[in-house]
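Each of the two complexes below includes subunit A, the first together with subunit B, the second together with subunit C.
What follows is the complex of A and B.
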């Protein structure tokens, strides 16, 4: 073993310590908190709304007994008020407003779904059915949001901001020369900065996905959640989501670190990579392997069923890939990150600072 | 003349009209922008698609020429109509957005970072004039690649096709102009607002892409989780797509109405103007 390894490891840790604070608390890094924590607000809001509305719907169901999901489905736009009342019975709740053109809104519920009918001047104007949510449906939506929003957009752009900042930000602050004047190898600086970026993004996005998972499960009955945790591989799913998020940070982070070192404007590689990742589903099999999302899709714990009605662009994103095994997928992402880090380290050796050009 | 005889005298030369003073801003900005080689290359590339469209329109109206080399259906290679011009508008407006992500963020931030605004406003340029001038830098460049070539293509098709085509499709010319104008105003104001608030050019450019892509993703996520269609209001690209499909009278896949989408875009543009107004001031009070 090279006797310098110990020194290099200590220096890497020292660079990491300096960078961690910047990555977590920099003013420029505020955006990644917004990106990471927006889905928590969505899931938290959903749980709160379902819990609030669930109690309300139960009360409504008690007030209008006999209302079933089948009866609600029988109502069509052409029906008269009398016919609707004959099928569903008196509404559980109704409100009226307006003098010239009185509007009347009637609501029924079977305890889960809510059926709303709106009349204007006594004529049917609009009907809408608000479904209750099921555990299976929410799990699938969670997986879809994880793959299409969280991995492809939130983590992707979060990594752009954090890893781009590692070198380009220092250039802008005119402080990169402090590192280059210190008696440490450039490769050590690259490794330390990458480690700090990975730790910051891994913690932020890992914590976020764990909170989202908790937010999703919050409104389900205790028995359903217990069953999911005891028999439904909840812990395995949660760890998979966190692991995939960290892998995504490593894969995208290394790409943007190289972009930040090679180019003055890292938005160009970011745009190209976004396009490349988006068309991954329609690429030839051999080219698919040269992307991060190819491996992340394989590792995602819940598969997303594609209906026929899915719009073209979404179908393209979700296009099935020929699966690889889990170890190959993990090694694939880390291998890609390692190759990119080697390129970044090699390029950093000949890197010259020109603050005037920024 | 002895120095002691020199005293203040008002300028007696020719004065430019007050309304036209903001033109100075885009004039110098354009000169600076075209010094960037990458930008110039990209801008030239933006003309390739309109050029290709012009060739297609010409060939479609001169089928005898193509028939010498290959069999052609009697109605022509393709139907030059609303779908053709909608595709043209979508492609060119996408390129316009990418172009704005490069040029827009660098327009206001250097003035703010270097405290140059007092220098502008000590001259006869108002705050509105400054913003209009900066906006015209983007709007002028984008117009040259969106609605101006679009109307030229429409004119080419109108001159080559029979008069019935013109009477049937005159609305397309208005659609090209309106669709591109709404988009240009929105992206210009968005890039200026981001440029004013995020002083790092690259981050501001990145945020433009984030607003478009993450906004769409976030809207879809909210729509799926909360099961509400009004989440689409957050999605700028869907709203713009809705306006385009309505304007070109093409079957739309969006659930929002044209009025909704126009209101959404107008709302976002107003928000950008408000954000700009908060930052563009002749002096800055720094507390603390």
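What follows is the complex of A and C.
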């Protein structure tokens, strides 16, 4: 038989048109939006807090003029209160509490960093310098949220819901026969449903990443952001995160599409896959390759520093992977997705409509 | 053979539960009714015929095509299933139109065909309303419109008359008759035996997963030897006629009708009986009508399937 690609493309699009609405606007899918957009709230809150703190430090700097970073650096643990006050001048803010052992906290600011000195019984107890937010710091936190929360929980469980329900949901709704009674190859139905799921999750999680990125940069001065976008790696980072999100949707989506066809209870395969992905870093090298996260880690634009302070479970999740080139990583995820889709298509050919058994 | 529906020794088991067993059928064009009690295997047979389930043993071809090749198969076959569920939020029009788009045809063509099918089942006014608000009868009709929309050569209908009011039921039966002309297949299942009688060219009687009998109902009736044929004869001199009939060994019972205007006769050979009636009619007994009374689906069903009455 001659492959009729033109017809199959039209039919795939017809299936996608039917499925896109379901994937985007399912009432039961509300929590996908909650998962996807939760980090935006975190970054929005963070930016708001940083901006508030920045304004506060500006006010403090006005109250204690002449305080500079050099003067702050001159303060050492051995100094007396008088000596400190002589260098920094009167504090912009101070608090006192306690009767038997009175504690006094003094604060200065140069408008950016905050310098805090704590006295107990008139003796210097502690000094600390709180810096303002930096791109490096926020970028690292962004990468950590992306890897630990976004990829492993939000996208993972979002894909569980969307892709697992493409066939399974219609079995439960008793409406799958609508497709199976049309002159359309089952493989085309699989392709159309997968395309719709990928489009929906790609848009939801991609838009969320873009908004998170905007949220992260909201508190930086305009000229700094402009410089980051014009001379730094902002666009490259943003596109990488969106690309990794879409690849994750393709990889996990294909796995859950197969799960929805083969299995009745979606939570068991999802749990097993989550475990598999979580222990990927400690698996033998050959087994690591059969994982979506293995390739996605390579593609993440910002690496998470693994110092001794990182707790054990997180260190395991962020465990460095063997070096794989970007093209290999992209082909790896798509290859894995393709293999899974072939399995789904093959299995769909022998699928039966047996609603009573559901 | 390429214009028949062929079941070649087909069995279907759901685990250890029997669906249908050793079904061997060749269904010619025309209207064929599947008749049997609940659980007899009618829907299983239809689902097998359309590839929604697959046989455990045997094979099925519909006009030379296998249900395993849906891309070509469903350009010839339309199935109005018993499943009463629809893609969420669809209007009647969307239900038919979106189905047609799955054929890979253009918007304009799908639109025209959808409206033509909707018009055929008389649902134009309700077409833009959501199916969720439809009555049972309207849902049946929109499913029928969907099955008819691609102008198939084979139409399979599972209980298509359920929920229809008498007027729509009559219109739908006329639609079936119109469809079944020009060598097309119409396969339907029904519990309403007198309608099956009116509609069908042939019947397939099923019980407990087996095909009990198949063919034209009169031919099936003639093969039931355990139950002699009953024939009602209207005449002026029933006693005289009765004495004539008793002279023949194929006549096993003769009763004078309760109104005294005829006889109810049981015979082991309908053919010989009708020849005899020709002779008698040529003689001096005035015979008004001769009509069989138990060669309908209801009687045949009762003789073959016995106490397992279909739901009415």
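Methods note: the second predicted complex is superposed on the first by the 286 of 358 C-alpha atoms of A that agree within 3 Å, B and C clash if a C-alpha of one lies under 4 Å from a C-alpha of the other, contacts with A are read in each partner's own complex, and residues count from 1 in each chain.
Convention: a contact is a pair of C-beta atoms (placed from the backbone, for glycine too) under 8 Å apart; a residue touches a chain by one contact, two chains touch by 3 or more.
Keep in mind that what you see is a predicted model, and the values were worked out from it rather than measured.
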item: Room on subunit A for both subunit B and subunit C (clash or fit); value: fit
item: Touching partner for A:225 - first (subunit B), second (subunit C), both, neither; value: neither
item: Touching partner for A:22 - first (subunit B), second (subunit C), both, neither; value: second
item: Touched partner set for A:267, first subunit B, second subunit C, both or neither; value: first
item: Which of subunit B and subunit C A:177 touches, first, second, both or neither; value: second
item: Contacts of A:154 with subunit B and subunit C, given as first, second, both or neither; value: first
item: Partner chain in contact with A:234 - subunit B first, subunit C second, else both or neither; value: neither
item: First, second, both or neither for A:14, with subunit B first and subunit C second; value: second
item: Overlay on chain A, subunit C to subunit B nearest C-alpha distance, Å; value: 13
item: Subunit B and subunit C contact sites that coincide on subunit A, given as residue numbers; value: none
item: List of subunit C residues in touch with subunit A within their complex; value: 14, 47, 50-54, 68, 70-75, 78-79, 81, 83, 85-89, 98-99, 101-104, 150
item: Contact set on subunit A toward subunit C in their complex; value: 7, 10-11, 14-15, 17-18, 21-22, 173-175, 177-186, 349-350, 352-355, 357
item: In the complex, subunit A residues that touch subunit B; value: 28, 31, 35, 38-39, 42-43, 45-46, 49, 130-131, 133, 141, 144-145, 148-149, 152-154, 157, 160-161, 164, 168-169, 172, 265-267, 270-271, 274, 311
item: Residues of subunit B that touch subunit A when the two form their complex; value: 98, 101-102, 200, 202-203, 205-207, 209-210, 213-214, 217-218, 220-222, 224-227, 253
